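See structure below.
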Amino acid sequence: MKKVLQGNIALCEGAIEGGLDAYYAYPITPQNEISAYFAEVLPKINKVFLQVESEIAAINMVFGTATTGKRAMTSSSSPGISLMQETISYLCACELPCVVVNVMRGGPGLGNISGSQQDYFQSTKGGGHGDYHCIVLAPFSVEEIYHFAKESFLLAEKYRNPVLILYDGYLGQTMEVLDTQKEESKLNVKINQQVDKSWILDGAKNRPSRKIRSLLMQEGELEKHNMKLKEKYEKIKENEVRVKLYEIEDAEICLVAYGIAARAALDAVYKLRKQNIKAGLIRPQTLFPFPYKEIKEISKKVKKFLVVEMNLGQMVEDVKLAVEEKKVFFYGRPGGCLVSAKEIIENVKSIFQN
Amino acid sequence: MRVLTKKFKIVIETQYCKGCQFCIETCPQGVLGLSEKINKLGYRYVEVINPQNCTGCGRCYIMCPDYLIEIFEEK
Amino acid sequence: MQLTKFIKPKSLKKNHHNFCPGCGHGIIHRVVAEIIDELNIREKTIAVAPVGCAVFAYDYWDFDVTEAPHGRPPAVATGIKRVLPDRIVFTYQGDGDLAAIGTAEIIHAANRSENITVIFVNNTVYGMTSGQMAPTTLVGQKTLTTPYGREVFRDGYPLKVSELLAVLDGTKFIARGSVTDPKNITITKSYIKKAFINQIENKGFSFVEVLSMCPTGLHLEPLEAKNWVEKELTKFFPLGVIKDV
Amino acid sequence: MYEEIFIAGSGGQGVLSLGKILTFSAIQENKFATYYPSYGAEIRGGTANCMVKISNNFIYSPIIENPTVAIIMNMPSYLKFVKKFIPQKFLFLNTSLIEEQEEIKKFINQYAKNLEVIKVAATEIANKIGNTLVSNIVMLGALIHRTKIIDIYIIKKVLSNMFNKKNLTLNLKALDVGYEI
Amino acid sequence: MQLTKFIKPKSLKKNHHNFCPGCGHGIIHRVVAEIIDELNIREKTIAVAPVGCAVFAYDYWDFDVTEAPHGRPPAVATGIKRVLPDRIVFTYQGDGDLAAIGTAEIIHAANRSENITVIFVNNTVYGMTSGQMAPTTLVGQKTLTTPYGREVFRDGYPLKVSELLAVLDGTKFIARGSVTDPKNITITKSYIKKAFINQIENKGFSFVEVLSMCPTGLHLEPLEAKNWVEKELTKFFPLGVIKDV
Amino acid sequence: MKKVLQGNIALCEGAIEGGLDAYYAYPITPQNEISAYFAEVLPKINKVFLQVESEIAAINMVFGTATTGKRAMTSSSSPGISLMQETISYLCACELPCVVVNVMRGGPGLGNISGSQQDYFQSTKGGGHGDYHCIVLAPFSVEEIYHFAKESFLLAEKYRNPVLILYDGYLGQTMEVLDTQKEESKLNVKINQQVDKSWILDGAKNRPSRKIRSLLMQEGELEKHNMKLKEKYEKIKENEVRVKLYEIEDAEICLVAYGIAARAALDAVYKLRKQNIKAGLIRPQTLFPFPYKEIKEISKKVKKFLVVEMNLGQMVEDVKLAVEEKKVFFYGRPGGCLVSAKEIIENVKSIFQN
Amino acid sequence: MRVLTKKFKIVIETQYCKGCQFCIETCPQGVLGLSEKINKLGYRYVEVINPQNCTGCGRCYIMCPDYLIEIFEEK
Amino acid sequence: MYEEIFIAGSGGQGVLSLGKILTFSAIQENKFATYYPSYGAEIRGGTANCMVKISNNFIYSPIIENPTVAIIMNMPSYLKFVKKFIPQKFLFLNTSLIEEQEEIKKFINQYAKNLEVIKVAATEIANKIGNTLVSNIVMLGALIHRTKIIDIYIIKKVLSNMFNKKNLTLNLKALDVGYEI
């Protein structure tokens, strides 16, 4: 079905379609439309909407709801997400499936309320303490926001792991058309997948009592738990990488970009081709797991890579982990500035000139 | 009958007035009114319509959220 | 010859602010500036601005001002006052900043009786983020996130911050004023002045709550918003000195 | 086709609605369209604006780069935005609230040689129709008439999905009046 | 024939806990377990353990228990109760957890009148981290971080959490008990039971503060610690029902 | 002068020697000795000691004190540091010099109270939002803790940037001898360096009023500020990299390790050499800036690198950014387990066998 | 004079006793005492020294922080 | 020289002090030494322990890998630690509080063939001297006597820096008595 929605609203509709049970949040621009929408709609369908005292409270309510096996979500923007880092580490440690949404804005500090991609490191390497990973989804259109939101709970439950949906203020505010049926926007999950719920807390009725905890003080216990988590992350890396390739076959230069920046990059690709410059685009839809293998494979043929981000250079490090450093170029704008096709084209040309 | 022994000058930076009308409402002497015109901020702004009635009470100064009003006493 | 009778205080910069028409912040900003002038402390005052519509205070006041992360002004002020005990340090915070995300910081600064002054602007909504429910939103009040009105059952009760803080031994002066008319502005000014004098006299934590209007967040015309604060808000949040020890 | 439309005015003038109506209509016509509003604290200070892009192909960036059309509904927006978003084809001005400035006119002329400036006393017209709140729809009528960006019947269909009967009549009237100027 | 008169409640696991000799947590754990048994709610109870010495509660109670990040049990409990309103949800928190880092969460859960039960163990120190000052440490009391005794001027006043929460409209039952002797344990038990029954009856937020002894943190022998709580602590923190509406 | 001190106490003595004005903190193991020491000593020398309500309050008091140009410090361990991420981003954005200490413990979640190195990413890539960097110092001995603490304020002031001192619970708890005079443990600062204090807030007396803020809403303002910060970081990268090299000249395999792990690695190096395996060690003392250049240079001669960390592999990514991937091996133990020389030796041998 | 009509059995898991002496102090009948010996936890533990005096009042049960004491009534 | 010394007992038995005294003394002798205590919640549950390493060279890891000496002051520590930290040279047991277990003895024998077990009724001896609190120093005396790890005069010097006069006398006495057993 075709719809016209704002990015932030597509998130809401996707989440509801995906079985959201409870949403907790604290206001912050540029994602206030999410709370406003849920405030109106969730009470009508008997789901929980709660505006709470802080982002820390919100993520801990998500923690609580997740312990019961119900589907909980919170959303915020960069500074608010920073405040959630301790609990996100706990959520990963306790293996609680849930969904966190970061509609990124310009940073650091209070920054501004424009869109940005300055939280890539925080999202993918773990902004909190300890070795852990959220699964990070990076939609680049309102349509992908919808589908990723819809399927994020299934993905989280498949691995008992938090899913982070990461997009920026520009995309969050943009209204465009989407197709709720579109196959290619979907993730590697099944609606009726078998999920182990033998760990949830709902009262020890006709079963032994259960506990959820991350404190592992016995010798070696915590190491073992870390190793178990590592295994899970390896499995995720193997199965859940999603990346879209555009005009790669004969590309002489390959752009790498995600989210809103990938739209500008794609624009640039087609414009460059009109000017007979064979450009292509690699667009990771998952940032963790990152498509190292896929990019490495491509790098066997492609000589140059231009990573385009709306920051000072973050994902570029991951690209360099996949590709020889000297092949990798970077163009980025921090501080909430949208990159444009024009700027990208100029950069591509100057790479070829040097 | 009240006798005005002093004269007051009301200075308003009307180009920054946002037309909230707090000053107009609070003035006990009906000194102020709202212009039909729009200033560069896009608001209908306050104007002094009955300057002679001003008692220099300062209520308008106190109420203006944009601190645009100053009152001077003329001797 | 012209005598000045009512003129803009020196502690305000010469520029003009960006608050919406009829926003109470403008009045309170000016009142604070007047007090700083009157107490002659402009040169030793350091203010802590909140995150909220008053975040831009540093652009309007002509004394030293720092930003603080959302809700943390009391902690930031503590960090200033503890190393510069002879400076005058105050925070200026909204109801989201102080009564929601910053609850722990205000309670503990009050409990430690930090020798600072706190100005708490209660406009019952999150102005900056477009009018969501605040901890002080009245029961039944419609906001962006309470489209059907605040429900006690779900959202809890409007938080009476002043009465709550008054329970703490650390609080030395607590009062609630409003800015809906010249008389109340004058009273509020006397409260805030007292809260500064307390600090000068090392009496400890002093706190003034100011009921204020956010026409934009309330979706009311300035005059309507002002009347609503005067008529409705003061019913639930009574004006006056709550504690003075 | 490819149009970048910038729309600005005061918060109460319905500039965001105007943008949304254009967007919905374009999509009804099976075109691609994006809509990007000003938001948050930006809105304070009297102006609101939005950016609409309409194209036969997927639209990459929702942000205006080379505006083709600009609709300016009040004076502060005129002062603030016109020099920044100089449209290459059409500039619609709500002359009820805008007094053109020589300096700005000159500036525009320099960068947009073929620009056509269309003056509509939208607020006054709306007032005559019955409510200044429909000044945006008056402007929409004028826009459609002059630019033919979208079929007016589609616009009417979209409007009829948005308003209840009473308001719809008013809005359709505003559209028609605007169209016929 | 043997009749059981006093036996370990079913809601306790068969293992033995690791608390220090004379630690009040053990008594309170047992009392809670007895109540859960008596109300026959073991199979629908979900507890939220704090970070603090009671973090291991999940190893001792034989019903569902989750950990929560330090200070956040009220938020975690909210997240559980809102989606499972027919379960019995309670938090068990120390004075560091609840009255320091968790101040905002407890105040707002109370203000929302979350229909949960909160058991607040006030032992005046941070037991888990080796006996630092807590918000409830008495004036003059020596701890690891107040080697010269708690000073009002620097550290503020001992925080009376129960009295503070009682100001909030959202709190429905607040009482303070102690565990220094059988009589007070019995009274405390009746408070906690009431706080659970309130929840069962959907009355809203119910809160019991329990004065408890941490011999290790106080650097006292168990009997001395118990006597100190009985004699000194109750002077500042009076026992009894503080609010019951 | 020689002293015998516990790591955490050396930190205190170094900080006091370095001119500490105020310390704010919230308790957490394994660094409680720091508060205990300061609680006793700071009041005697008229400096500020305050145990506060939370880590968030502590870091914000640091923020407050830093705005006045005074020297403020806080310390915590992993979960507590996660809570500080939002404000650390603000501190960097506002360019406030101050010192934050993370005595790392096992994670994720509540984890355990043992030492670990699981917060490398958080520390070096920015656990908070926005593009920013703390200068990250990684002492490997009680002596280095002392000297780094002592000089950290000067370094912070040199760049108007927060300094993060990062070590683990093992080192924090260990008592050993140190030399307070030792030259080679010192940083690139001068006691009487000229520092610009024209930005501090202390009352607008005989000068225009000042403001400190990170909200930059005007178009392009935030981007410009980011670029200014970037320039600063580049300068830091140029001037402040510190790395110790051991037995590198003829090394056939080079270990890379920092902090406590580097001690085990160094032990392994000497033991391996006794077994005629030519091992060397690269020990970064600064993690940001990271010694990419130095490592790259060494990689021209050395064929194999074994990165040793007490985590699941974090610094290894930075090493791979300097050295071709296939040369880089990893050995790590997460969850608060100390790596041992024996384990490292085994790993080295197995690398040579394969 | 009080007549004991019932007999009570006191069961204490002494190997887990931490010797806090709460039970000893609270027992009004002097039933309990502290052993000179040390249990495997390293504490001097409680022992029943005057079982016949027990009135089954349960005070010791209520006080024991380690819930080691159980009281049974023998008929 | 290279010694790894493991010391365990109850919190009140001064095992951490014992470790520190050894460490200070070794450093006084210009040796390298590290001291690593148990801490935090670990200490609860009756036992405290520390690890001391003494060497002529820089010590890399403060954690015991191959203990040469172990000093066990009470029964819970005996049960908890001896099998985990089997010393290769000397095992000092405070027999006042420890009853050796056959199973543990066997286990140890298997892994430390040349181990010498030295039994000291440290608590009783300390009690006789005047205070059970100095049982640790009695043990220290015995340790120094048997192992010669450190010169006893250095130990005395360190002690005299640590205690006031009254306590010093008692401690020196305990040291001597322990040394002379």
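What to note about this one:
Just so it is clear, A, B, C, D, E, F, G and H label the chains in written order, and each chain counts residues from 1 on its own.
The rule is simple: contacts are C-beta pairs under 8 Å (C-beta built on N, C-alpha and C of every residue); 3 or more make two chains touch, one makes a residue touch a chain.
These numbers come from a predicted model, not from an experiment.
Touching chain G and chain H together: E. Counting C-beta pairs in contact, the pair that comes out ahead of the other among A-D and B-C is B-C. Look at the CA centroids: the one farthest from the centroid of chain A belongs to G. Work out the mean CA point of chain A and of chain H, and you get 55 Å between them. We define each chain's centre as the mean of its Cα atoms; on that basis chain C and chain E are separated by 35 Å.
Centroids of chain C and chain G (each the mean of its C-alpha atoms) stand 60 Å apart. Each chain gets a centre from the mean of its Cα atoms; for chain B and chain G, those two points are 86 Å apart. Shared contact sites, meaning residues of chain G that touch two or more other chains, fall at 43.
Counting partners per residue, chain H has 40-42, 45 as the residues that reach two or more other chains.
Counting partner chains per residue, chain A has residues 29, 32, 50, 53-54, 56, 79, 86, 90, 94, 109-110, 113, 213-215, 217 touching two or more of them.
Inter-chain contacts, as defined above, occur between A-C, A-D, A-E, A-F, B-C, B-D, C-D, C-E, C-F, E-F, E-G, E-H, F-H, G-H. Per the touch definition, chain D reaches chain B in the complex via residues 10, 45-47, 74-77, 79, 97. For chain H in complex with chain F, the residues that touch the partner chain are 20, 23-24, 27, 32-37, 39-42, 59-63, 65.
Of all residues in chain F, those touching chain E in their complex are 26-29, 32, 35-36, 39-40, 43, 50-51, 53-55, 79, 109-110. Contact residues on chain F toward chain A in their complex (touch as defined above): 56, 78-83, 85-86, 89-90, 92-94, 104, 106-114, 116, 118-119, 121-122, 125-132, 213-217, 220-227, 229-230, 311-312, 314, 317, 320-321, 324-325, 333-337. Those residues of chain E that touch chain G in the complex are listed here as 1-8, 12, 16-17, 19-27, 29-30, 181-182, 185-186, 215, 222-223, 226.
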